[in-house]
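In the two assemblies presented below, subunit A is common to both, partnered first by subunit B and then by subunit C.
== the complex of A and B ==
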């Protein structure tokens, strides 16, 4: 295969993988900290993206048309608003149900996700139709043989990478991260050690939701389109990626995200007549991996005290 | 006492008489229900809303006509362009005995799924937007009719025209619903007959977001043109991602992308895209000016879009038929089966033995300066502007 072509496939796969990874990181954080699956995550992504879009429309209306200013403003508002929304969901819906069977929380958050999605569809003006998200990043492209390298794709990828690295640094090198890891490991002991459990949970939810909002805006900038159902598939794929990688482990989530994107790309390329079945292929491989390694590729380390 | 009772009795009789007279005067125009079903939400909602407004216009104009025998009420249902939802709302409409007939469906995938429902309940319907041939030709149901053309002629003209313009090497992207698969089948057949070659066929889901994998492969195949058999939402994504990957091939589409939403979604990227549609553009239709004028007067929020005129024609035909034979499903079905050379704003309507209107005209469109322009009127036809790679 022509190297330029291969490079193009790899580049496409990397972009997709980055977006899935950001969503998967959210799922994994929530599970790690509270042992719950928050299924409204994908729809929080949608709400965040639409919030960012609304900011863009507002800025256009008041005449602030500098694209860099717009990008920064959109990102700040989207991530900030979703951080708050995530924390609210944690405080009022998830925490009160903490002692309920995990299935209940999954169902409640699934329903919440539907409510969020339908709210966007009904209350955002003309919400049922896809919207054209502006391409705020520079368009310049470099053609290296048959490989078309676009500056905006590079910037988006680097941005996503920066967020992932930032989360990694936060979790592993800061006191806050230490507290999060402590809570994830053992809630009771963490509380005994003086960690403010509720605060840590709220911060974790805020963090995961902000990452999702970032992924959503990235999605909007990359495809130049947003619609009220965008969170659905991203949520399902992000969830699968988190599980395949190993729920509770951030590296697992990232690995899972890139793995899923790779599977989709391979499916679209290698299966000759069945590019329509690439999702079937990708999910089938995920099922096979789960059968082989039920706790995910990077299993959560559990040690038993004898 | 006796006088008072007599007075009371006569007053009561008078009141009853007046009441009856008033009642019968009000009941002079019987209320008849008809139904409109289309995608009012979702990616193709602009077409559904345009169709709904057009059908509503037909009903309103009829109700404003003092010579009309009945007062019509149009029930509106949303099929969301999803077959499962379509069958649900079709069942709802067909099971309601008060609804006499309906103008149904823009999405082919929905229309083909609901034919059995309408037949089961005996509800006569006239399709206004779906182009899959099997909707009328795949069954022998007397209830199903259609005023717009099918994709067979569309693709025949497309293949001939595209090869004529010099595009020989094609890649096909089609959605995996019956609509996209139908387009793929007929286009492939006719392209072969016209000396063109298809070097790759890619099926995609109707709500797919990312086409980079398929388009990267297409880029490596160095095609002259990409044929897209699908609807506007993914058409917009494909064209936009083609540009991101630096693919310079011509995009040739079908009636699914002939909508204002396609141009709005792409902005300047839509320039030069080819598409084909059954029937003539509204302005050139026999009743086009009348329709556009009345539509503008009614001040609807949304534009009639590409198939609004057909929805209007479908609903008008239904209303005409009910006026002639009365509000009875069986009679309307029988009468619709006999429609030959009936005037409408889209020209003469004649249903063949499968209820299909034999519309010969196919219009070629090219997107120019933010609008779908008829090919013959465009600057591409005169050579002032060039299609991709020419």
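== the complex of A and C ==
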């Protein structure tokens, strides 16, 4: 195969992997603190992206057209607003259901996702049609043979990487992260040690939702198109990635995200069938991995209590 | 000899509250279908909800439930009779009959799901995929072979069970959310596969010929004694027959030692293994039986619609089926029947408020799960002896 084309696929795969990883990190954080799956995560991503898009439109309307200013404002508002939305969802929908059967929580959050998605479709002006997301980052390109390395792709990838590293540092190096890990390990003991359980849960949901919003804006800037259904597939893939990696483990989520993107890329490029089968291939491998490692690649450390 | 005291206790449970309830539900269903504009629909809905709440507060539901649980075989006949009244009322009207047929198909799938996670506790988010396997099997077989259509229904189920067996290994080795992701991945895989596979029609889907049983062509309106009947009546009757069989299987299974074993597996795997219950084989039985029922339902669904496309078998459709089981009350087939009717028909009738129906529907499910998490008709304890009441 032509090396330039191959490099193109690899670059695309890395970008996809970063987005999946950001979404999967959210799933794994929520599971860590509350042992629940919040399926509205993908649609929170959609709402975040549309919030960012609205900010862009607003800035255009008042004449602030400096692209750097716009990128910063879009990212700040999208992540900030979704952090608040995530905390609200945690407080009013998820926390009251904490002791309900897991299936009920799954269904409630799925339906909440539907509500969010429908709200974007119905109440965003002309929300039912795909929107053209502006490319705000400079798109100078360096030609490496037949491969064009675009500057905006590099910046987006580095931005995503920075977010992942920041979350990693936050979880492992700060007092807040220590509290999150303590809650994830044992809720009761964490409470007796003076940790404000509710606050930590809300902060964790805010953190995960903000990461999803970042992934959504990244998606918009990269593909230059957003629509109300974009979060559904991203959410499901993020969930699969978190599960394949092993729930409750951030490295697992990142590994799962990149693995899924790699599978899609391999399915599109390297295998002898039409590239349209790439998702079929990726999901089939996910099922096979689950048969091989039933608790994910990096297994949860648990012992069954009888 | 059976204990005579218990026999008479069952006979003394009055039938009329149950019969009245069945009659009222039938009248409501007819009124709901009959309603033309949105005010009438909303009016009937409000009447139904207010009636249900008042009856619950006043304690009128208790005698009706007792009639349903204690005199089950008689009440089953009342329910079927109610459906016949409904069909007779709309005998030449295509749309309500198609709705009833769809409800019955969904109910059959949900009975399979009830066995899978109501009894054995196995999460299955791929119900729509197994429905789809049945549909596509029926489409291919009826287009290319001369296999009798009743047999096609059975083959549809068998193929669904066979394809489901691919998933058995990962589903049995995994638990909880991990198990959910296996079935979610499968339903996404299935839909994508159908969309890109040209031999199965791709995104355009496949057309099916009319169903035929012993020379009786289903796709023709027919008349008996001068009364014209819609062709959907035939399909509704077949669907009803299948649902009756499925219902009987589910209820018999629940009452039998098989159901007890499945309940034990769901409630505590370790403990049931200690009591010598073979967890893996019971899970395989439940999973395969459930998928078989979904496949049969799919084969009939395809023949009834006459046209199938990948968009019928999305993750969203699986969710609808799961929410039917949850809304109805996990493990209670009557609950599944009620919820299937509500979930399938409500969005169709609310088309009057077109744009907002998914929003309303999703909000409704959230509210029900927040305020009545055990579902509309929660499952009750088994009653082995007629007249026995839990203390």
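Everything that follows uses one rule, which is that the second predicted complex is superposed on the first by the 296 of 306 C-alpha atoms of A that agree within 3 Å, B and C clash if a C-alpha of one lies under 4 Å from a C-alpha of the other, contacts with A are read in each partner's own complex, and residues count from 1 in each chain.
To be clear about the criterion, contacts are C-beta pairs under 8 Å (C-beta built on N, C-alpha and C of every residue); 3 or more make two chains touch, one makes a residue touch a chain.
Owing to the predicted nature of the structure, the values given are computational and were not obtained by experimental measurement.
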* Applying the touch criterion given at the start, work out whether A:2 contacts subunit B, subunit C, both or neither, answering first, second, both or neither. => first
* Asked: Which partner does A:102 contact after superposing on A: first (subunit B), second (subunit C), both, neither?
  -> second
* subunit B or subunit C, by number of subunit A residues touched -> C
* Between subunit B (first) and subunit C (second), which does A:129 come into contact with in this model arrangement: first, second, both, or neither? -> first
* Give one of first, second, both or neither to describe whether A:140 is in contact with subunit B, with subunit C, with both, or with none. => neither
* Check the residue A:186 against both partner chains and state whether it touches subunit B (first), subunit C (second), both, or neither. => neither
* Once the structures are superposed on A, label A:148 by its partner contacts, choosing first (subunit B), second (subunit C), both or neither. => first
* Could you look at A:279 and tell me whether it touches subunit B, subunit C, both or neither (first, second, both, neither)? => both
* To do: Would you check which partner chain A:269 touches, where first means subunit B only, second means subunit C only, and both and neither mean what they say?
  => first
* **First (subunit B), second (subunit C), both or neither touched by A:230** => first
* Asked: What residues on subunit A does subunit C touch that subunit B touches too?
  -> 274, 276, 279
* Asked: Quick one: in the complex, what on subunit B touches subunit A?
  -> 41-43, 45-46, 176, 201-205, 207, 209-210, 212-214, 216-217, 219-220, 233, 236-237, 240-241, 244-246, 261, 264-265, 267
* Touch list for subunit A against partner subunit C, complex -> 31, 37, 93, 96-97, 100-104, 106-108, 110-112, 114-115, 118-119, 122, 232, 236, 239-240, 243-244, 247, 274, 276-277, 279-280, 283-284, 286-288, 290-291, 294-296, 304, 306
* Asked: Inside the complex, what are the residues of subunit C that reach subunit A?
  -> 117, 123, 167, 169-170, 173-178, 180-182, 184-186, 188-189, 192-193, 195-196, 270-271, 315, 319, 322-323, 326, 330, 355-356, 358-359, 362-363, 365-366, 369-370, 373
* To do: Please name which positions on subunit A make contact with subunit B in the complex.
  => 2, 5, 8-9, 12, 15-16, 121, 128-130, 132, 141, 143, 146, 148, 150, 153, 223-225, 227, 229-230, 233, 264-265, 267-269, 273-276, 278-279
